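Next come two complexes, and both contain chain A; in the first it sits with chain B, in the second with chain C.
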Partner chain A sequence: MKFEHFGTGIIKGLAVTLRHLFRKPITTQYPEQKLTTSRRARGNELVWDITKCTACGTCAKACPQGVIRIVTSAKPVENRYVVEKFEVDTGYCIFCGLCVEACPFQSLLMGYSYERAKYRRHEVVHTNEMLLPSAKRPASGYMYPKLAKALPPQTLLIERDEVKG
Partner chain B sequence: MVLNPGLGMEYHWQALPPDWPGNFWWHWLAFSVIILAFVLGLVMGFIWLERRGIGRFQIRLGPNRTGPFGLLQPIADAVKVLLKENIVPAAADKIVHWLAPLVAFVPTLMIFAVVPFQDGALLADLNVGVLYIVAISSISTVGIFMAGWSSSNKYSLLAAMRDVATVVSYEIPVVLSLAGVVLLAGSLSLNQIVMAQDIPFILLQPLAFLLFFIAASAEINRTPFDLLEADSELVAGFHIEYSGMKFALFYLTEYAEALAVSAIIATLFLGGWRGPVLPPWLWFVGKVVAVFSVMFWIRSTLPRVRIDQLMALAWKFLLPLALINLVVTAVQVLAWPEASLWAMVPVNVAIMAALVVTWSRLLKLGGGRVEV
Partner chain C sequence: MALKTESFALNIGPLHPSTHGVFRMRAVLDGEVIANMEPVFGYLHRGIEKLAEERTYTGVIPLTDRLDYLASMSNNLAYVLAVEKLAEISAPERATYLRVILAELQRIASHLIAVGAFVNDCGAFFTPFLYMFREREKILDLFEMLSGQRLLYNYMRIGGFNQDIPDEFLPALQKFVSQMPGFIDEYDRLLAENEILLARTKGVGILPQDLAVNISASGPVLRASGVKWDIRKADPYCGYDRFEFDIPTGTAGDCYDRYRVRIEEMRQSLRIIEQAMKQLPSGAVKSTVPYLVRPPAGEAYAHIEAPKGELGFYLVSDNSIAPYRCHIRAPSLINLTALRDMTVGWKVADLIVIFGSIDITMGEVDR
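What follows is the complex of A and B.
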């Protein structure tokens, strides 16, 4: 006759929760405290490098949603195409990254940021200059591991203590 | 052996006269105000403490946005709930639906009439205090059943019927475990019981304490026994169809009941207002908060029991142990030498351990033992 089912499980459970009481809470208090996302994150925006773009339109063809509109014109002097309008409707974008993967000249990159909520529908449509990279709109290392190496490493939950305010 | 209440004991704090600030009506007014303030204030405190405490038990932070440490959270909740629309279902029994929150809340408030905050500081020092508590606390169930019935909602009714089943089953171990304390103290008055606790009764009656704690938690539907509010199966239990102020009253009742049970446990088992140095009311509040902390510690730990487990625990475990405890206590009260009262502590702890360990073998569920 074994003596085992007399509340030992309950006492063990209570001991577990009691130990939790003395642990640091794992909550990240979001607006004040932000964790760095993965270096290869697909943020909800696209970053477009105008200098590398040859207006080939591969990105627009690769897009399963038909989100990218690209208007080009020929520039006979330099014997190349120029982009007149490059428009991404991020409202329909599914952030699959196929356009980035399709781009032969590393001209289109996934963005890094995730706070892109807007109040008006037209604000989620990004055109020309709005797509250019800047300090506020860094490109993520999606598809390009060399770019990823330059970015700050992701904050893991175990290292979150270093993230302050 | 009956412990003589109040004999040969010097208190640092004087006993209050029975009609303390003046005459009968001043006494009535003063303690009504004190009880209302005590209940509402401590319920607010409990809501905050429970939400923050459970957060910490689950390695979260809990609400911390409203005021320092989230202290204003219960007030924000209250304001929110008061501004909500009062919705009554078309098919509801309107009068009963309106009356149910009151019938549930008022008896809970009435329990505090006999709980002493200090020597003699209570609304009515009834000489049948414990009986009064047992009687009055059951009336809340009528309110809950009225709520479940009048909502004309199958989930409400199911939850209310579960609550009635729980209370009917668990009332018996509650009363029997209280009887042990009453035997030991030789009085039903809560003030006299506190006076009799030169040794807190949790030490002299550990088994009664355990049984009362489990049974009372079940009766007020605290989490391991929260079948009637089982969110995952009954939506929200008996108060699905309630909103606004009426819902707030049920919420208040729930916490007022937890406060009442904490206060009764503190009074009957932990020595009530007695304690060194600090003023008696502070000891009392401290003990109440301590008991409640254990309650939400258990809530943060244990999952909900099934209805058959609930009934089996009451009838196969709590009831026989409460009966045995009553007999053992009766024999001890008659035969134990009064001089060696402290020797009773290890004996009773040993009896409790032996009974719990052996009786657990008999607690079978669903027709056979399920080894997990």
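What follows is the complex of A and C.
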């Protein structure tokens, strides 16, 4: 073991940490304060627009995990299929967003919220009405630039921090 | 009177904070000195290569995110390049430049963790680590803006990107690029001359040049041993030959050189990003690609300079919608094979430092 600078390196390093003491903190106290997520956030469960859905099943085929399950009734009404069951097992969902990209009728969107802890296992399976958009389940602008424009801008850490030479 | 001594086998891991994941080292000790070292891995095996055989070509992209989870963007890029080579698709010019920007940002983010975790292993308890996490967080913010997630981006697609960058991306990136050199200088003031770091890393865990070449090491581990080999220069992809940058190399091949090479590479990455931002053309970000890519029967290998080394994807197609075979050449795994030769003869405390200096991600080692 050989020391090269006899302590000057450590003093230089301590000067950096000392200067750090006078910087503005850039952390957030999470449950009380929250940052705004990306406008394209791939959060929470899917948001499903039932009026546009034609039950074509493209989303189910695009899903790499096989999470989406669609049951349609045998008798089409008004020249379109009726969805009996649209089921998403979010326990297996990897939030890749490929189903949203695949949907040819813009009826499937990613969710915008991100706290998804549940008390019971069966609660992670979402069917029909649970997937409809509501005030509690906003849609994100993933793959939909017009929707993204309406959402609040993302908090960027880079706006908070300045380097001091 | 001679004391009766015997060697002692010590298990480090699989769940140990310094193993960066689930990795087990079976070290045979002679006193405090390592007499033999046997790496045991496979604790994180998820069968990604096999899973890829039953997914569509697009459906494999989320899987590649989970290989080297600290550099998902680079994994996406390597895979996407392999499929594009196989199916003879070319990405538009704007997408090519964006790929370069994102791959270099990802390299900075990955090296920040590599250096931070490495000095953490040396005993600098979390101060430099969290300083570097602060800057990595800014990169993750940028990636979140593009792709919607912070770690598993799934942003690149065969033939380009799934969506164009938002308007606020380039100003934020510009701000980051102008700030980052100052922060790298700050790390240098904090660490580069620190006596304890120098004593722990200089001359420790030397990987000789010929051995590094023989085990086909790549990335900063190889370059620290003095071999000037970088796929961005040796076999340019994504138009890397249009940019001006240097390949930092070390001389001794010790832990300190590996640390220096990573710091210098961050500076070079910033240089590339600046040039790419200036040259970034407008236009589409995705070429017309059928929804289900069905490449002609054949095989292709594409490799990139990922943050940890040469990352290659070998794909075999049988003209169906899913790859017939997908083999991944993971840099972490191959760099890890040098661990035994680097550690034998050093003490247990040095083992942790040497292991940290290789910079591995277990998701990539076990796949």
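Everything below uses one rule, namely that the second predicted complex is superposed on the first by the 148 of 165 C-alpha atoms of A that agree within 3 Å, B and C clash if a C-alpha of one lies under 4 Å from a C-alpha of the other, contacts with A are read in each partner's own complex, and residues count from 1 in each chain.
Here, contacts are C-beta pairs under 8 Å (C-beta built on N, C-alpha and C of every residue); 3 or more make two chains touch, one makes a residue touch a chain.
Note that the structure is predicted; figures quoted are calculated from it, not measured.
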| chain C versus chain B, contacts on chain A by residue | C
| message | Between chain B and chain C, whom does A:Pro25 touch in the aligned arrangement: first, second, both, or neither? | response | first
| request: Identify the partner contact of A:Glu78: answer first if only chain B is touched, second if only chain C is, both if each is, neither if none is. | output: neither
| task | Give one of first, second, both or neither to describe whether A:Glu101 is in contact with chain B, with chain C, with both, or with none. | result | second
| query | Touching A:Ala62, do we find chain B (first), chain C (second), both, or neither? | reply | second
| said: With both complexes overlaid on chain A, does A:Glu115 touch chain B (first), chain C (second), both or neither? | reply: neither
| Where on chain A do chain B and chain C both make contact? | 1, 3, 5-7, 10, 13, 16-17, 20, 26
| message | Under the stated contact criterion, what part of chain B meets chain A in this complex? | response | 55-61, 64, 297-298, 300-302, 356-357, 360-361, 363
| note | Residue positions on chain A within touch of chain B in the complex are 1, 3, 5-7, 10, 13-14, 16-18, 20-21, 23-27, 29
| note | In the complex, the residues of chain A that touch chain C are 1-10, 12-13, 15-17, 20, 26, 37-43, 62, 64, 94-98, 101-102, 110, 140, 142-143, 145, 148, 153-154, 156-159, 161-163, 165
| request: Would you mind writing out the residues of chain C in touch with chain A in their complex? | output: 55-56, 58-63, 127, 131, 134, 137-138, 141-142, 144-149, 152, 154, 162-163, 166, 168, 172, 175-176, 179, 182-183, 185-186, 189-196, 198-199, 202, 291
